[in-house]
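What follows is a set of notes on a single structure, which appears directly below.
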Amino acid sequence: MTTILLTGFDPFGGERTNPSWEAVRRLDGQKLSDGSHIVAAQLPCEFGTALAVLKDRIVQSGAEIVICIGQAGGRAELSLERVAINVDDARIPDNAGAQPIDAAIVEQGPVGYFSSLPIKAIVQSLRDNGIPAAVSQTAGTYVCNHVFYGLMHLAASRPSLRHAGFVHIPYLPEQALAYPGAPSMSLQMTMDGLLIMLETTLSATGDMRITGGSTH
Amino acid sequence: MTTILLTGFDPFGGERTNPSWEAVRRLDGQKLSDGSHIVAAQLPCEFGTALAVLKDRIVQSGAEIVICIGQAGGRAELSLERVAINVDDARIPDNAGAQPIDAAIVEQGPVGYFSSLPIKAIVQSLRDNGIPAAVSQTAGTYVCNHVFYGLMHLAASRPSLRHAGFVHIPYLPEQALAYPGAPSMSLQMTMDGLLIMLETTLSATGDMRITGGSTH
Amino acid sequence: MTTILLTGFDPFGGERTNPSWEAVRRLDGQKLSDGSHIVAAQLPCEFGTALAVLKDRIVQSGAEIVICIGQAGGRAELSLERVAINVDDARIPDNAGAQPIDAAIVEQGPVGYFSSLPIKAIVQSLRDNGIPAAVSQTAGTYVCNHVFYGLMHLAASRPSLRHAGFVHIPYLPEQALAYPGAPSMSLQMTMDGLLIMLETTLSATGDMRITGGSTH
Amino acid sequence: MTTILLTGFDPFGGERTNPSWEAVRRLDGQKLSDGSHIVAAQLPCEFGTALAVLKDRIVQSGAEIVICIGQAGGRAELSLERVAINVDDARIPDNAGAQPIDAAIVEQGPVGYFSSLPIKAIVQSLRDNGIPAAVSQTAGTYVCNHVFYGLMHLAASRPSLRHAGFVHIPYLPEQALAYPGAPSMSLQMTMDGLLIMLETTLSATGDMRITGGSTH
């Protein structure tokens, strides 16, 4: 019976809600089919602080699976992030007003870390269930990538952290009102998708060999 | 107590489903708050035949409000169509293999007809309920516009047809799987949106004066 | 030997340039292969005034072909507009601060007018010359559509006006800098495209029967 | 006086041309303002072989600056790639029919390499010259990323290779005809942009501290 930590973010960029926290908080305490259970945690949308809070929650919960969820306004699909990169480059200030440019997240850290989720199998399961999903080749260079990189850096020295990764999710429909033409996904479908992702992660033995690539 | 005719289309363009009929058929027989009720009808995705079927259903049902619904793959919002134009120009063949080019729908008919739905008020109601919606300035030149134009031409000589119009709806999520990056809307939200549209139409006295325009 | 009036607009919406006038003013006085010549005129981006200026220029020039050009930021292709509709619905104020909503351009005027340019043949010629081009089913509801509708209304009662229509053009590359990801077209290609359009218009006898339609 | 190697690719994915080679081959032999000169080379769009050819050309030319150029159909800007990742994941087969999935480019190689071009300064120079340009956070997982990663891996052990990187460029206008709505860039502007990029690289001492980040 595994403890699974799911995190969502505070609203940022002028938004009043963040679909990642809306979805994650509703899954707090939920049990999966093998008896594993979900612990939900909220992260501030702040460089540095977000990672500090994440580490605390990982230690507190003793989670063996940690998946951070973030909003990707403009995307239409659940995006399974493939890789985190060692750079902060903020197009807009974070919620504490910080706007790092081309700063390393971990000094002397490796350039990147790959997700240790079975991202291809997850995408396949989601699509088998009628939920738009895709592998993404970039988590950006903002707080989401920052947290993703920090998480994978921690996991690299912490074998008990069996699976770790990051998933970007679309706007909620009510958010998309502010962005004419922007795609969205219902809260229910997002939550269903996160549960399918967890079931797939729990049962996977290695990832599937199916393409999830991009030509550019 | 008004009879409302809602129509949806057969699948076309290689699809196995059409969200317009999926939503509309589930609303068949449903009552609105003033006691009005919905009659659902399916139209073939065929030039000419679609209009013949529509006219039959209007006569049979005695509907005073007729709204045709069609799929607009790639759009993220419920699209309240403003205007129908008197031309068929098919980029792909219809379900009977016809592919008219620059043909008048009604010989000597006017170039266009405006919707007689309160489209601005409907968009506002939908958005007030958290449902992405917008006025659209073009219904295209395919079977959707063909039906829309034919409907409005009929309404022009049939005063009992108090409100008539056309609404384009997004892909369902399961359809969007085939189009990477394409937006979608859940069936439930689409159905909720259609009901809100009808309630607004029933209670409206004229349309709202709010912008729904495009610079191009 | 025909006189051809080409018009471009003032910058609007916070822009400092308008590609339509940049292209058109450089073509002033230019001769076509049959000896016809171009007269360029600038229109203010103002409802009403733009049409008044246009009518003056038509009378002054004695033009038999009148094509108005406007900017369509976000489009990647030269857009041959098919239809003008009888409504002003301004999403943003014009350059004089006016923002009409759902106002008729011509009281009691028809709902729409079709372009009298050979739009299919023009698109074909442009593409044969390697220039991205397409038929567009909507010119919007702003000053561009306003001018297009007013022009076609005038042409309807003025047989000497043999061809009239409207073409939307993309941003210039330097404009697109302000809109990350927005497509653009070089000034040279835009100008080349306008000349090809005129040569095709001068030599066309009727339009081509090729599709230029949209499913929605 | 520096030797600069610029590479472009063969056409792929059913295309008959590749804008990267069209631009690069026309710059072969060209001198920069400090007397440096350009050597152009064509790479096959094949995993493995492309890298072998690249290494040969680097050795032959003795280049100290190596920049590989590739086509990114659908992008509107010159894309300065920030990071290469150690994975081949081909959505479509390469020109030799190979379609690797989740294969390391260099076994035991690091997850990623950052470009050693002054990408921020280059973007700024390009934009100062009216050319749409942006930093990109992903070069995909196809042959472009494969070559980019292999190049940076080589550069890591070859100090004489002062600057190395990868740039994605848009379709040419004539290519974009096949993709309705797709953005494009003229060959001349692409070539001008590559020269500006080289001048900036030659004169830069470190990169600029300006944002080029993405929130996701």
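The letters A, B, C and D name the chains in turn, as written, and every chain counts its residues from 1.
As a working rule, contacts are C-beta pairs under 8 Å (C-beta built on N, C-alpha and C of every residue); 3 or more make two chains touch, one makes a residue touch a chain.
No experiment lies behind these values; they were computed from the predicted model shown.
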item: Same vs different contact residues, chain A with chain D, by half of numbers used; value: same
item: Distance between chain centroids, defined by C-alpha means - chain C, chain D (Å); value: 38
item: Geometric centre distance via CA averages, chain C-chain B, whole Å; value: 30
item: Rounded Å distance between chain B and chain D, as computed from the means of their C-alpha atoms; value: 47
item: Shared interface positions of chain B, touching two or more other chains; value: 75
item: Chain contact topology (line, ring, star, complete or other); value: ring
item: Listing of all chain pairs that touch each other, if any do; value: A-B, A-D, B-C, C-D
item: Footprint of chain D on chain A - complex, ascending; value: 13, 70-73, 75, 79, 82-83, 85, 87-92, 99, 101-102, 110-114, 120, 135, 137-142, 144, 168, 207, 209-216
item: In the complex with chain A, residue positions of chain B that touch it; value: 75-77, 127, 130-132, 134, 173-174, 176-177, 180-186, 188-189
